[in-house]
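Both of the next two complexes hold chain A, though its partner changes from chain B to chain C.
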Partner chain A sequence: MSSQEILFLLSGLKWTLALSAVAFVTGAIFGLLVALARTSPNRIVAKAAEYYINVFQGTPLLMQLFVVYFGLPLLGLKLDAWIAVAIGFTLHASAYLGEIWRGAIQAVPRGQTEAASALALTYWPRIKDVVLPQALRISLPATVGFLVQLIKGTSLAALVGFTELSLAGKFIANQTFRPLVVYSVVGLLYFIICWPLSLYGARLERKFAAASR
Partner chain B sequence: MVKSPKRATVVSVGGNVGYKFDFGPVWDGMPDLLMGCLGTMGLALAGMLLATVIGIGGVILRDSRFPPLRWLVMSFVELIRNTPFLVQCYFIFFALPLLGEQLGVLMFKFGLLAKPTNLLLLSPTATAIIALGVNGGAYAIEIIRGGVQSISKGQVEAGLALGLHRAQVFRLIVLKPALRAIYPSLTSQFTLLTLTTSVASAIAAYELTSVAEIINGNSFRTFEVYFTVTIMYLIISSLMALLFNAISRRYFSYPVK
Partner chain C sequence: MASTQSAAAPVASPAIAPMIVMEAVEKWYGPYKALTDINLSVRQGEKIVLCGPSGSGKSTLIRCINHLEGYSKGRITVGGVNLTESAKTIDAVRRDVGMVFQQFNLFPHMTILQNCTLSPMRTLGQSKAKAEATARRLLERVKILDQADKYPAQLSGGQQQRVAIARALCMEPKVMLFDEPTSALDPEMVKEVLDTMIGLAEDGMTMIVVTHEMGFARQVADRVIFMAKGEIVEEGHPKDFFTAPKHERTRAFLGEILRH
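Right, the complex of A and B next:
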């Protein structure tokens, strides 16, 4: 591969990283809302959040992207392709992170909430200062694991025509007729990003497992 | 395949948008879509079987006494779990056939296939099955290994002390509790694998998403087609969840203590 082709791959990598970062951050914000709704004492809110999570966990990410990407213009929104894709991944991430954090919130011992209530803390301080700090710690390994899934998932943006790393790789492979080298490099680039995160997630998991023994 | 649209169901939304929903082409294409569902389920089933075989084989090799084998399985697991399924599909579909037989050794090193000679003949559907099996297999290795490790040595020793054969110990003391332990993670991995089959449309394997793309190409009713197909996937995954729960209740609901 020429240096120009490598640069093109790296510009694809840049979009993969940008998309992952935006999807993770905005997905985390909405995911927190989903998790709070899912654990809400209001049963209608909790049920709605449950359906939201089930729909996103029960359909392929690719279909979610297609529906959002082709559906948003029908609502009269004229959006940049990259914004539309980012919205799709945000919704996807919010459902998965919501479910992960739902589990973590429920894993915080009940006595903590009860003690906070006994100290006359209202809902918001109780959640913000007592439950969430503990829940986020518990959820950290799974959250890192999902981040890896999300980074790999951004490759599906290639199938709606968004030029991130995978689609950049496909262009270069078609142009140079050297798919073996190109796809190896593309895979390696994903691996270089994801592997350290996976190792970090596994280490956190071992640490927490040892601590809770 | 897809006949001319009959304009059966026309629903309009807000006048300012001016888009009229037309599910006619989707209804016309329903027989094809249902066949696509069968294709998806077939792919998923074949992928799950291959993933299970790779998972069990991988666990045996992973705990072998020969270090290079252990390293091979460990690198296979890490490599597959840290690269996207789409790139794996592209690699198997576009890159491997060019390798030819003289590079079979390299392929074996990557752990992608055991029989490099067949690679030149792979159809899109065969590629999809192999990619799904290899991808799911890497996850299955980790899951199954966790289950095997959850059985304490004392249990096995107690079984042997009671005069059971090694095979009996494996079947009665190791296998069933281990299956019970891994069942939730393995079945959710299988559901994920089923949803992942949609990515195989990128290499034109025969399944639901590819059928949807053909109908979309003929009718340009993009949103209607993909919305309907999304609901079909939701139905498939819900049915799978029901089935997995029923199996769990039938075989694994016994008291532990």
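Right, the complex of A and C next:
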């Protein structure tokens, strides 16, 4: 491969990372709202969040991307490919992170919220100062695991024409007629990003398992 | 119901309204009736020990007082505030009522000092300096000031429970509720926690204590209340309660725990 081709792959990698970062950050913000809604004492709010999670976990991510990318323009909303995939992945990530964090919030022992309530702390300080710090710690291994899935999952954005790493790889493979070499390099790039994260997640998991013994 | 005993207890000025009043309180968990017709009036500074077999509703009763459990029927008034389902009355009552749990329930991600200053800062709007000064004074009082910067997991059970008491006191409550505060402790740590509670009682705190520590009840209680199956079966000054229990169930219960 020429250095130009390598640079093209790296620019694809850049978009993969950018999409992952945006999806993760906005997904985390909305995911936190989803998790809080899902664990809310208000039944209607909790139910709405449950449906939201079910819809986005129960349908393929690719369909969600298609709906946003091809469906919204039919409603008169013409979106840039970049914005469309960012929206699609945010919805996806918020549902999954919302569910992961719901579990973590509910894993915080009940005595913690009771003690906070008995100290006259109201809902928000109870959540922010007592429950969430403990829940986020509990959820960290699963959250890192989801981030790895998300990074690999961004390759689906290729199917709506977003030139991230895997689509860049396809272009170069077609150009050079050396798919084996090109896709190996592409795979290696994914691996270099995801492997350290996986190791980190596994380490956190061991650490928490040891701490809870 | 309490009137027959109050003659034996120190006389409170009749002008002062009782600190806690429970009138015909009922509590249902779904189809299960956990409290039946609870009538209880606690004067300011009064110390009450609540005992009874497992499942008799002791925890449920005191948890209704600070609305960790909502009650189904009747009326509860704390410090003159009629406790309803409204967030406003619940908040008002919780500011006046401290609670200590069997399992301590300290916040594990915060230091001892942070445990003590969180609610005074968030709820009472105290400055950090003021909240820390109060916390240090109360940690000193429970003899644990030297551990202020440690995390709960670094402390023994007895130390953690003393921190939990100090944490509750930082809110300057008018009433303290204790739910079996020594049941989760190793025997050698029970005394340090009971001594702390005795000190609190001597300072005039209004207290309701669920415990089977009958030595504590004899020494501190103005009234001992015996519950069974969600009802108050018998109450009396500890002298009468232990020497001449009136009900068969009370006698059976006392025989049971004093044998241990």
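As a working rule, the second predicted complex is superposed on the first by the 212 of 213 C-alpha atoms of A that agree within 3 Å, B and C clash if a C-alpha of one lies under 4 Å from a C-alpha of the other, contacts with A are read in each partner's own complex, and residues count from 1 in each chain.
In this section, contacts are C-beta pairs under 8 Å (C-beta built on N, C-alpha and C of every residue); 3 or more make two chains touch, one makes a residue touch a chain.
Because the structure is predicted, anything quoted here is derived from the model rather than measured.
Superposition of the two complexes onto chain A shows chain B and chain C fitting side by side, with no clash. In the superposed model, A:S20 lies in contact with neither chain B nor chain C.
Measuring from the middle, so to speak, at the Cα centre of chain A, the directions to chain B and chain C differ by 110 degrees in steps of 10. With both structures placed on the common chain, the touch criterion links A:V67 to chain B but leaves chain C unconnected. In the superposition on chain A, A:T90 makes contact with neither chain B nor chain C.
More residues of chain A are touched by B (comparison of chain B with chain C). After superposing both complexes on chain A, the closest C-alpha pair between chain B and chain C lies 24 Å apart.
Chain A residues in contact with chain B (one complex) as well as with chain C (other complex) do not exist.
Contacts from chain A toward chain B in the complex involve residues 55, 58-64, 66-67, 70-71, 74-76, 148, 152-153, 155-156, 158-159, 166, 169-170, 173, 179-180, 182-184, 186-187, 190-191, 194-195, 198. In the complex of the two chains, the chain C residues touching chain A come out as 66, 68, 87, 91, 94-95, 97-99, 101, 103, 105-109, 118-119, 122-123, 164, 167-168, 171. Across the complex, chain A meets chain C through its residues 109, 111-112, 114-122, 125, 129-130, 133-134, 137.
Residue ranges of chain B in contact with chain A, taken from their complex: 13-14, 16-17, 19, 78-79, 81-88, 90-91, 94-96, 98-99, 191, 195-199, 201-202, 209, 222-223, 226-227, 229-230, 233-234, 237-238, 241.
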